[in-house]
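Per-chain numbering from 1; labels A, B, C, D and E assigned in written order.
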């Protein structure tokens, strides 16, 4: 299990790095899908089965496909977007690195997190999540429909060709 | 309260009324109407003054106070609008209204051709009113009102012919120099107030006795008051305005710049004699100032060629003598000289006016000459005045000036010598003037001088009589008199009662001075009548001293260099450098800098998304570091 | 299935935190590093995912299902955002024929 | 209640002006309102019974709508209501655009100014203080002369900066008040603020007043604004609004931060005296008549500020007297400047001269006003300046001396101005000049009469303010004890 | 709660009405619906009802803010009647999206759980991303929408990371529980918690355009359709500050010192940047954007000066600010229309001559924005200063005062243009309803200044 964790993590980080560094958007999408699939693996390792499934369905199945569609629809792969100057690139890397260091420092500084409840491996199961979702989190669940409706309206508004 | 004394209120009121009538209705008067109204107003004042004198005498009291209303009453400061009638003020009132009446009448003739004659008389009346306020005021502030009022009228009348910028400049100069003195005066009054909690003469003088001789505060007060007197009475260093003041019409010079206003300083010091007695230092200073002014005026007078300028410097010089008298503590003598001086100097000026009138406005004595036959009345009256000012016995000037000289002798021998020297110079330049104007040939071609009309000559004659006999008001004991005038004034002021000179000394002094003056007159006669020596024209080369004196010791230029130019420079500097270059831009600079900063801040918003991301991330990063390190 | 073990029992929590931070920072660098809008969008998705994983890890650690429900909502929102974002992108492509983020800089100062 | 009426009459009348179409009827109605107000004010001033007005306004902020007055307010009130009829008259028969708006704005200013002088709590004071500025801003912006756009904005920002500091000070004082906070002056006066706080609080409060008055380094807005402003605007500014600064300082500084006043007293006096000499000296240099008058106003105001800070009875009485005298004089002066400008078409000395030949009456009136301005005895200016210099003398003879130089310098520049405008040879441009018209007499003669009458018989004004000055001194008596504590 | 549900329904109704192809009925329906919402909100006043495991709490605070936002939205819709005449497509969508955004705003004022805050922000933002790009073929609108979206979602990730960290430390999303969790550290929070909270705060600060996270706002405000800009700078801002305040008040008070200091720095920066950048602005819309940033600074000042009246002051401030902003935007729209699309300040020149009444009301509104008495803008600023000075924040108050001066400068700069004459001023057309509303708003702005209220919320 430990090995699996590090293995997945390695793939994830490498593919994430590749997402950032590849020239072609198509390749980026592919790497991102790899990354998301490993993420699903992580969820399984954490016994969050519901999330693992949703991750596969929503992210790799829907979102990334959407990306692919758009790229192909707009023929984005052919468009060459000028890369940034090396100075900005270095600045970006340094900023990111600093950010990383600072965050790591902040999260590790002499503080021990105590688990809130006694360990229970079942919380990630569909039934548990479902209970929580339709109990405590019913209102947000209902309201998330508003998000969808507005994003739908938006997509239609933008996408529709007016006469 | 003295019965009928309220009548004295009419003395200032009548000229004020005259001023209002002539001033407000000036458009409606024709011909001489304004002049007649003005003259009669002043004339009536004179009569009332005279009657007041008798009222006061009959009442057996020394003084009377007439209170109109409370002028300023703030806290401890209580200043009534009140008049004080005593012998000193009565003397001055009589001089002012008496000489004033004559000059007003004279002006009717002198100014008849001027198209603003009405406003001229209005201003003359206003002046008379102010001057009366000055001498009648029962406290220093009322005095100050008059003091400033006469300054104003002097300003107006000097600049009467306002089309000429030089005249206006002279007027302004007179006013400003007076104001410099006035500042000292008002500060003196304020200090006086804080010292005595009052500014009215009676209370101040009553309390003054509690101070020791030479008390610093009294010295300071007297010094400050002296500054005012120096300005008003044209003493060194504030005398240069007086010669320039001759820009005004000649009657103005006679009334204001010879007979009355310039003597206000002497009046004020005489009035404050109680205080000055307590301040020997100040008295010494007054003596020195007076002597220096007397000599300086006389020396400059030697080389002047403008008839009015000669008289102006002579006035300066005579005022110096009055100061000497004050300085040696002979206050009544000073006032006596004021009186006689009023007679003969007014006469001289009016005579000069008559001459100028006759010469069609010409004032340069080098262009005159031989007027003796053409203008006999003028000549004789002028001669009388010249003799009076030179101190020839028994003319009025003799009595007053001789008294001053003897007091000076009492005081200090060197002072006497210098004063006598000044007197000699006086007679020299006065006779130089007389000879150049009336003797010899007529030097200005094409002019037809003629005697002035009666309205002008009659005042001349009256004044001549006064000049000749005025001295008998105060015949010293030496000549069997009883110094009436001095005794009369004693009631209003104190004096040093130094030991009397022995009669022999006095007689020898008189003899010496008379002899010397005679010699000087002779010398002048030889120079200007026998040799017919006319002063050189302006352009011709002169000896160094001659040039120095002709140019009045360059004092005007000196003042211009050390006061006027620096002030102009300072004004320009403050405006152009401080205000326009530093202060304004500094305040505006804050605004401009803010705008610049705004521009800079605006430029941060570059419209570039990558930059926005960077900025946000950098912001977050900095805030994390901030909260972790703090 | 009942007693399925969880990685959180053997892997220290710090490792998850480090992993997620790493991912988050990679996404962040990507946002700063690239000019291609679509890749930046992907990087933002990556950042969302790192947060998801972090939340799941914490949720498992605390044994509190709320965290995982939150992840679910994040996914919902991410999907909605992507829909809107991509349509904006399409519109942009239509208008300026490019997906370079720095090309859109007329609004400034 | 009468206070409320006095406060509202101008504003309400102003609002109704829009109903009229005819310019002359607009002006007449406006004038009538201000005259009525003047009469009511005089009634108030010479009636024995005091009048107050108070209703609750914003309770939770401790703000009452409270109007009241003491002698100091009364002087300011009289000045305001006295000057506004003349200011309105100055617009008669003149070619102006948007007459109803202009008169509305002028009347609104009057209301706001009255409000400032009657307000009994600091918040209300502040509101009116700012309100007074708004109409003036528009008067300057719409009816001003060259360069009005930038100058007006500069003026506005400058004065508002000061005002906002004042606001800061008011809020600071408000939060110091005990219990349910309040902004009443009466409660402010009872605060005992530690000296170290008073020292900085003094400046926070003072800057607004210093800018309004203006005191020496804060004056740079003034000359350009005065020069550019339309005559009615500049009359308001110089005649009344400068007095707002003085009034504010009297209301705020002395009763509330006496120790701060004590600490900075000499600094302010010296600054003001520098201002006196500085403005007088600069005035001499001006080539523009209006600017010269502007600087002269600054010189006089500076002397008033100096007198204010010596805080003795002479100075205070003199100051309050001078408030009226200066207001009347400066309004007359600016009106004359306007007429001269109308007649000659210029304000530059270079193009003027010899006006007396064509307009002797005007020259006489101008001269009288000039004399009032340079404090010739028997004009109102003299009485005020005498008392102020006396007050300064009590503090230090040198202060009195420097303050007194205004007598000399004033004479120099004012007579210079008089000479350049009226005297000298006639300029060829002055062909068709006529003398004053009857309207001009209607404005100038009463003003001159006030100058002269107050100069000859100033006592009524002193009686009016005596009590307030005394109570003011009572307020200052803590200072006196502190002073004596320091001395001994 | 009923109001919330009703609004969502209203949005959907409006969407369906889009099929009717009759634009004229949209605005009346929307306005009527919002009136009902208003009524429903008033009904809940004082009940303090909590719903769904305390996910949202409709206390007086949230109801007050909701009412204020609904009123402003109604105003905007009133102006929209005229505005959308010109627009041909998607009018129904515009109305619906605004209503949905309003729903999000309701959530932001009433959340008590971080997930509701998150959802609220998103429900508010996503319609706005769309609305900002409402003019589909306009380059500028496109750019605005794009920038808003990119930066917005980036900020969301930051916010979420913060939520994750806070959750990791405290194992809860409930604000009261977080508060309890924080209180056990006695002010010495663990760094992870601190950073997490900071990230959350930054996420909210982004929404209300607090510097240095304000970069999106000038660009978006300028590019977005003007009515949307009006909506964003009023309703959205109000919602953002309500959320911000609620976050602090329910979860974080007393604020940990480092966070407090960080927020003070942000406040100072906001005041400085907002005002300074507006100083030399020549584009009016952009000027309003910067001024809105500046106002954020003042509201932050009130928020950080914790006092029991802070909420009321923020409500008052945001309300009167919105009340002045909306009509200004409308006048601007009218001017812009008359000036053929120019947005420069100089289009206002000559307005006084052209339409004096509009000019007068514009002046009143601008004065309110600048904070000149007796307008309500002054009262708002006054109350803010009262708060900050009473709480002893003297230094920053001085900075704020100086910045207020700068604010006065640029507002009066505009006013100066209005009163400057021009040869040919633009022929501005004002419909009756617009004129009436401008007058109403102008009068209200003054009246609210005279009758100041203080709600116990």
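Simple rule for what comes next: contacts are C-beta pairs under 8 Å (C-beta built on N, C-alpha and C of every residue); 3 or more make two chains touch, one makes a residue touch a chain.
Predicted model only: the values in this text are computed from it and were never measured.
Student: Tell me, please, which chain's centre (mean of its C-alpha atoms) is farthest from the centre of subunit D?
Tutor: Of all the other chains, the one whose centre lies farthest from subunit D is A.
Student: Which chain is in the middle, if each chain's centre is the mean of its C-alpha atoms?
Tutor: D
Student: Farthest chain from subunit E, going by the mean of C-alpha atoms per chain?
Tutor: B
Student: For the chain pairs D-E and B-D, which is connected through the larger number of C-beta pairs in contact?
Tutor: B-D
Student: Can you work out the whole-Å distance between the CA centroids of subunit C and subunit E?
Tutor: 28
Student: Taking the mean of the CA coordinates per chain, how far is subunit A from subunit E in Å?
Tutor: Each chain reduced to its C-alpha mean, subunit A and subunit E end up 31 Å apart.
Student: Would you mind pulling out the distance in Å between where the CA atoms of subunit B average out and where those of subunit E do?
Tutor: 78
Student: If you average the CA atoms of subunit A and of subunit B, how far apart do the two points sit, in angstrom?
Tutor: 103
Student: Which subunit E residues sit where two or more other chains touch them?
Tutor: 115, 119, 122, 126, 129-130, 133, 136, 147, 150, 154, 165, 168, 171-172, 191, 194-195, 218-219
Student: Residue numbers in subunit A touching 2 or more other chains?
Tutor: Subunit A, residues with two or more chain partners: 84, 88, 91-92, 95, 99, 103, 105-107, 109, 113, 115-116, 136-137, 140, 144, 147, 150-151, 154, 158.
Student: For subunit C, write out the residues touching at least two other chains, lowest number first.
Tutor: 13, 17, 24, 27-28, 31-32, 35, 57, 59, 61-62, 64, 66, 69, 73, 77, 80-81, 84, 88-89, 91, 101, 104-109 - these are the residues of subunit C that touch more than one other chain.
Student: Who touches whom among the chains?
Tutor: A-B, A-C, A-E, B-C, B-D, B-E, C-E, D-E
Student: Write out the stretch or stretches of subunit E touching subunit C in their complex.
Tutor: Its residues touching subunit C are 115, 118-119, 122, 126, 129-130, 133, 136-137, 139-140, 142-147, 149-150, 153-154, 156-157, 160-161, 163-165, 167-168, 171-173, 218-220, 222-223, 286.
Student: In the complex of these two chains, what residues of subunit B are touching subunit D?
Tutor: 69-75, 77, 119, 141, 144-145, 148-149, 152, 155, 159, 162-163, 165, 168-169, 172, 175-176, 179-180, 182-183, 186-187, 190-191, 193-194, 567-568, 570-572, 574-576, 578-579, 583-584, 587-588, 591
Student: Going by the contact rule at the top, pick out the subunit E residues touching subunit D in the complex.
Tutor: 309, 352, 367, 372-374, 378, 382-383, 385-386, 389-390, 394, 397-398, 401-402, 404-405, 408-409, 412-413, 416, 419-420, 452, 454
Student: Taking the touch rule as given, give the residues of subunit C at its contact with subunit A in the complex, in rising order.
Tutor: 1-11, 13-15, 17-19, 21-30, 32-36, 38-39, 41-43, 45-46, 49, 52-53, 56-57, 59-66, 68-69, 71-73, 75-84, 86-91, 93, 98-100
Student: In the complex of these two chains, what residues of subunit A are touching subunit B?
Tutor: 84, 88, 91-92, 95, 98-99, 102-103, 105-106, 109
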